Structure formats: C-alpha cells, structure tokens
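Read through the structures below before going on.
In what comes next, chain A is part of two complexes: it sits with chain B in the first one and with chain C in the second one.
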Partner chain A sequence: MIKIEELEFYYKRKSELFQHLNVDLNEGKVYGILGHNGAGKTTLLKLIAGLLFPKSGKCSVNGFVPKERNPYFLQEIFYIPEEFEFPSTTIAKYIKTHSGFYPKFDMNIMDDLLNEFELSVSRKIHNLSFGQKKKLLIAFAVSTNCKILLMDEPTNGLDIPSKSKFRKVIASYFNDDRLFIISTHQVRDLDNILDTIIVIEKGEVIFNQTIEEIQNTLSFQKVKNLSEMDHVLFSEKEFGGFSVLAESKDFGETKIDIELLYKAINSNKETINEAFKNEHNN
Partner chain B sequence: MEFNDNKAIYLQITDLFFDEILMKKWNNGDRIPSVRELAINIEVNPNTVMRTYNYLQEKGIVFNKRGIGYFLADDAYKATLNLRKEEFIQQELPQIFKTMNLLDIKLKDLEILYNEHINKK
Partner chain C sequence: MNTITKNKYFSFQRFMLLLKKEAQFNVKRDLLIVGAMFSLFTLVMTLVFEFDEGNYDSEMLENLHFIAFTVMLFVGGVFISSFSFMELRDKLKSHFYLLTPGSNFEKFLGNLLISLVAYILFMIVTYLTYSWIFNWIVFKLYGLQFSPLNLISEEFLIAINVFVLVHSISFLGSITFKKYPVIFTPIAGFILLTVVSLFNELMEKIVFAKMDLDKHLSNIDFEDFFGQYENLFKFILFYVIPIILWITTYLKLNEKEY
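Let's turn to the complex of A and B:
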C-alpha cells in the first residue's frame, strides 16, 4: 500500500537526511517505527502524508503520489502529529467542521470513543489538557475510518488508564484493509500491539521484520552466566545476570523484548540481519 | 492481562485457554470469544490472537463455524489434558528434578510432602 523507492530528502542541502530510502508497507499490519532522536521518523511520516515532498525518488501511497494531495488520497489518510494546534472552538463544532473531509467518518465510533476517553462534546478545546487534546485527536482519527493512520508518539501525554484504552482502540478498529504506522520511543506501551518492527538509522531502514519472523529467529533469555548459552548475538548486563539475545534454534519461541532488540540492532545490525537471512535459508 | 512469562505472547494466550479448559470454566462444545473480543480484552494485536486460534485449531482443540464463530471441540478437555501433560513431563519436570538434585531432595521426601499437600485439600 505504501512503496518508497530510492527516496532522497533533506531540510538543508548540506545535511542529507534520506539518500536512498527504500521501504514497502502493506495493509493488515500495525507497524512500529523505532529510531534515535533525529533519525527521520517524523520526516518519514510527513513524506507519506504529503506534508513534505521528496527531493528525488518515488513515494507511492494507496496508489497516489502524496505530493499531489489529491482529495481521494487525503480522505483515506490521517496523521496524528506529536504536537498540534486546535482551533479555539468546542469539540462538537470541531467534529462538525472537520468530519466532512472524510466520507467514511462514523459518528457512532466518535461518540463511543469520546465517552471512553471521558470527553464531553460541549467542552472548549483550548481548555483541555495536552493529553485530553491528544485523546480527542486519536478518537477523531479512528472515526474517520481512513485506510492509513499515521501516529507520531501517540501515547506521549496519555495517563495510565488512557494508554490501556489506546491499545484497546487499536485492537478494536484495526483490520486487514487498514495500515497503521506508529512512531514511538515508548515501546513498553505498545509492544503487544505492534506486528512489524522497523528501525531507521541515519536515513536508512536497517531492520524490518514481523513479530512472527522475530519469534522464529531470535530468542530472548535471562541467564546468570553468559557461558550457559551458545549462539549469543547480543547481551546486556543487568542485576544478577545478563539479558541475552540469541538465535532461537534450541530455545523455543520467547516473548520479544523490543528494547533489547533495538539495542542489539544499534550495536550490530549486520549480525542481527544475518541471523534472519540464515533462518530464511534453513 | 499481565504477560510475565518468557514465552511468546501467542503461546501465553494459549496457556490462558488451557487454564480455562482444565478448570472447566470453558466446556467441550462451548462457544468461545472471537479473535477481536479477546484482542481488545487483553490489549494484543488481533494478528497475534489469530496465531493462538490457528495453533489451537491445528491441535484439534477449537474449531471455526463459518460466520458464527469459534467453539471448543467435543474432546477439547481430553486433548488439552494430554497436551499439557506432555508439556509438563518434557519441560517443567526436568527443571523440578534439577532443583531437587541441587537441594538434595529425595523422591521419598517428595512423597511425604505430596501426601501432606493432598490431605490439606
């Protein structure tokens, strides 16, 4: 559904962000995009949404070129930025003026979610807290029934019960025709809700695997001594022993520790990707 | 639901099913939650929950009535019992034996403790 080929992008000519960005994203998946600050996560979301234009290369989204901002393209995509501005009006008026852009907008879903997030339509948006505004935006985005939903740090600013509700919302409204992309540092908030992990570093996609592939290939263990294990790819010392990332061969499928995986990829992406190639060839 | 175990999430959900079946909260032939219902309830990606259902279907524990939903098979209890027994013998028992060796607990000691435990109930 999203195809990016040899995409080049920079804010200043002298410091290129993306030189040869290549990535394919398909419907029926919830993608988690990870990367250091400044790696280009937000820029990538904006390029997909048509808020920034590539300098060269291809970017095709749902059969459209985002740069052209075709209305049929825009009605099927919604971008939740990390920071945002709302007009000074009530929630009810905001919904009334903005829902018209999305032909599949479902007012029943909107009502349910506002209720779930404890927001009343008569509230003035500028009186809401940051977290409440974010919940309003999430509720609106889901209610549009857009095929593509882009979310930049959606759980930032949400209180603990709202994070749980956010996961329920994703589990409820995600389906095989939709594509959700979540850029995040808060992997613990989201780890069971993602089904593909993408890591960007220095303007390149250095890792792109589904949870199922990760489970088949890698094993996440805790051991007292490193000598207890073979096929260790990465380890980190912690209280009383080590967290270990190993090839899964003999250990069975384990729960994925995304933080450990992320650190392993950052310290040695070649070794990790090699393990996936080997698993594929077996 | 808290996922503390080191097992893959879809296998932890499988264990949840096994518990419900062995404790007879879910009985043979019962209708069970849909993939979506369970996904929302435990806040997990529906694709992950689907893996659990596929796995249980392969093992003959659940089956899908097209357009209606998922149900426990007629011999779900027996199939679950056999599967869990095998798992216990192959995976959990060796760990227990290892600890017994380490702590020098004899089989006889264990027998006494086991009988005490049973009588308490």
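Let's turn to the complex of A and C:
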C-alpha cells in the first residue's frame, strides 16, 4: 500500500534527512514509528501525506504519487498532526462542512466516538482544551473510514483515561483494509495496539519487525541478578533488579516492553538486528 | 482504475463542498471589510454634508458614485484577494487546507470565484442598493441629486478591467508571500518596476550608446503610435497579463508544501 524506494529528502541541502530510504508498509497493520526528536518521523508522515515532496526517489501510496495530491488519494488518507488549529466554529458545523469530502464518512461512528470522548456537538471548538481538540480530530479521522490514517504523536495532550480510550478506539475501528501509522516517542502509550515497530534514526530505518517476530525472537524479563540469565542483549537497572531483553531461547512468549526494546535498539542496533537474523536463519 | 483518474481535476460536487467551506469560514471577514468601507464612506459624506457650505459642482454630483464605487471596489478587492489561501500562511492550519480532498484546480478556482466574480457582483448589487438609499436620503435632507451609478458606461467597464488586472496581481501575491501580502505585493511590484526601468536604462546605454536616442524619440508621435496599438495594449493588459498571473498562482499552489 505504501512503497518508498531510495527516497531522498532534506530541508537544507547540507543536512540531508533521508538519503536512501526504503520502506514497504502494507494494509491490515498498525505501524508504530519510533525515534528521537529530529529523527525524521514527522517528515516521513508528511512525505506519505503529500505535504512534503521528495527530492528524489519514489514514494507511492495506494497507487498514487502523494505530491500530486489527487483528490481520490486525499479521500483515502487522513493525517493527524501533532499541533493543529481548527477553524472557529462549532463541532456540529465542522463535521457538517468537512464530512462531505470523505465518501465513506460514517456519522454513527462519529457520534459514538464523540460520546466516548465526552464531547458535545454543540460546543464551540475554540473553547475546547488542546486534549479535547485532539480527541475531536481523532474521532473525525477514524470516522472518515480512510484507508490510511497517519497519526503524529496522537497521545500528546491526552490525559491518562483518554490515552486508554485512544488505544481502545484504534483497536475497535481498525480492519484489514486499513493501514494506521502512529509516530510517537511515548512508546508506553502504544501498548498492545501495534503490529509492527519501525525505528528511525538519522533518517534511516534501523529496525523494522512485526510484533510476532519480536515475540518469537526476543524475551522481556525482570530479574534480580543478571547472572540468572543467558543470552542477554540489553539490560537496564531498575528498582529491585533488572529489566532484561534477551534472545528467547528458552523463555517462550513474553509481553513486549516497547520502551525497553526501543532503548536496546538505540543502545546497540546491530546486536538486536543480529538476533532477528539468527532467528530467521534457524 | 477508471474511477481513480476521472474527475481528477474538477468535480462539481467537490467544488461546491469547497465553496461552501470557504464561504462558511471566510465570508464573515469579507463582509466586515465591505461593511467597514461603506461605513467609512457614509461617515465621511455625512461630515461633508454637515460642515461643507453646499457648493457642489455638477461634476461631483455626476461622478460621486462612480468614484466611490471604484475606490471601494479596488480597496476591498485588494484586501479580499490578498486574504485568499489564508490557511496556507498558518503552519497550524495549512495541512488541513492542503489535505482537504479537492484538486488544486478546484481550490484555485474557488478562491478566484469568490475574490473576483462573486466580489464584483456583490459590490455592484450592494453599491447600487446603497446608492439608491443614499440618493434618496441626501435628496430629502439636503435637496441634492446625485447621478446613479452607470453600469454600462465605458469608464465603468474600464474600471472593472483594471480591477481584474489588480486582482490577478494581489491574487499571486496572496500565495507568494507567507506574511502580509497586502503590504509585500505592492512593494514587490514597485521593486520589479524599478528593476525593469533600470534594465531599460542600462540597455539604452549599451545598445544605443552611439545614438542620440532623445532626438530620435522626440521625432516619434507617441500619441499616434499608442493610438495605433491601443486595442492590442488593452488586450494584453486586461486579458493576457491577468490570465498569465492566474496560471502562475495555480502553478504555485501546485508546488505548495507544508
């Protein structure tokens, strides 16, 4: 559904962000894009949405070239930016004016999500808090039934109950025809909703594995002493012991700690990727 | 695949949705501009009638409405056309605009229609109504009779033509400048004209260095020269240049990134 080949992009010629970026993203999956600030997460989303144009290379989304901003392409993609500003109007008027652009917009879903997020349609948008505005945008985006939903730091500004509701909404309204991409550095907020984890560093994809592969390859444990474990790939000291990431030789399936995985990749990506290669060869 | 390629540039349904959206979010601002101009004019005229001695010559009685209409048309038009693509100037709003499922052509056409055609028609209807009420009140209170606005006079048509040219310039400015296009467009125009004049001077000095150009120019009957090509000049100025500037605006919209 999204194919990026040898993509080059820079804001200033001297500091290239992407040099030879290659990524394939398919429908039926929720991708989590992780990375430090300035790694290129938001830029990648904007390139996919057609908000930025590649300097060279190919970017194909759902059979379209994003930079052309074909209306049929735009009907099937929705981008939730980290920061945004709504026009000054009521929620009801906003929905009425904008929903027509999306042929598959479902008003029942919109009503359900507004209830879920405790938002009344009669409220003026400029009176809402940032978190409420974000919930409105998430609700609208999900209701469009677009094939591709791009979310840049969607949980920023949401309170703890809303973060949980966000996860529930994503899980409920996702289906095999859709592709969700969530870019974030708050990895804990994405617990249990991701299918694939992609880590970007300095404009390069340094890790790209499905949750299934991660579960088959890695084991996430908490131990009192590091000597209790073999095949340790990464460990982090915490209260009362260590959080450990190890090759899952003998431990079977464990619950993925995305934050620990992310730290391990940042600490030593070669070792982590090597573990996946070994698992694949076995 | 057919459904993907058809109506890629224009669909009436999408266009109407875009017009509705533009009207809903921008019409209040446009009406305020027009309202402010009419209020200011009414205030000025009230002060003139109250404090002036009342010696109005026939020229003023005849031309007041044409002058007032033209000034308002140009001032309001420059502001309204400069406010086109307003969302693109705001980082927090521009992605909404760029990603609204409409073609760039529809977005361009919508703004053009509102800031040019709809604005001219609205101003004509509003001014005619206003001038009718104005004339009636002024006649009752001061006994003065102003000529109504003549929509089929040559001056009126020229004013509209010149406005179309001015619109195309400020429309291009609205997408070129990220901030204050109302200010930067005339400045850029002034700089451009200065550069062209300097280039002209330079070429004159280089190409015609050995020739007494002033003497040759004084021998040319410019009135006759311009008279001969008057229609061609008018055609270029009123029709060709605006179209080129509108096409440039459309191409710039295509190139817009976040």
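In this text, the second predicted complex is superposed on the first by the 282 of 282 C-alpha atoms of A that agree within 3 Å, B and C clash if a C-alpha of one lies under 4 Å from a C-alpha of the other, contacts with A are read in each partner's own complex, and residues count from 1 in each chain.
FYI, a residue touches a chain if its C-beta (ideal position, glycine included) is under 8 Å from a C-beta of that chain, and two chains touch if they have at least 3 such contacts.
Remember, it's a predicted structure, so these values are computed and weren't measured experimentally.
In the superposition on chain A, contact is made by A:S172 with chain B only, not with chain C. Using the contact criterion defined above for the overlaid structures, shared-chain residue A:V61 touches neither chain B nor chain C, since it reaches no partner. Once the two complexes are overlaid on the shared chain, A:T97 sits against chain C while remaining clear of chain B.
In the superposition on chain A, A:K46 contacts chain C only, with no contact to chain B.
In the superposed pair of complexes, A:L218 makes contact with neither chain B nor chain C. Of all residues in chain B, only 3, 5-9, 11-12, 36, 39-40, 42-48, 51 touch chain A in the complex they form. Interface of chain A with chain C (complex): residues 46, 49-53, 63-64, 69-72, 74-75, 77-79, 81, 83-85, 87-89, 93, 97-98, 100-102. Those residues of chain C lying in contact with chain A across their complex are 3-4, 7-8, 11, 14, 17, 20-21, 24-25, 90, 92-93, 95-96, 98-104, 106, 257-258.
Remark: chain A residues 28-30, 164, 167-168, 170-172, 174-175, 192-195, 211-212, 215, 220-222, 252-256 touch chain B in the complex.
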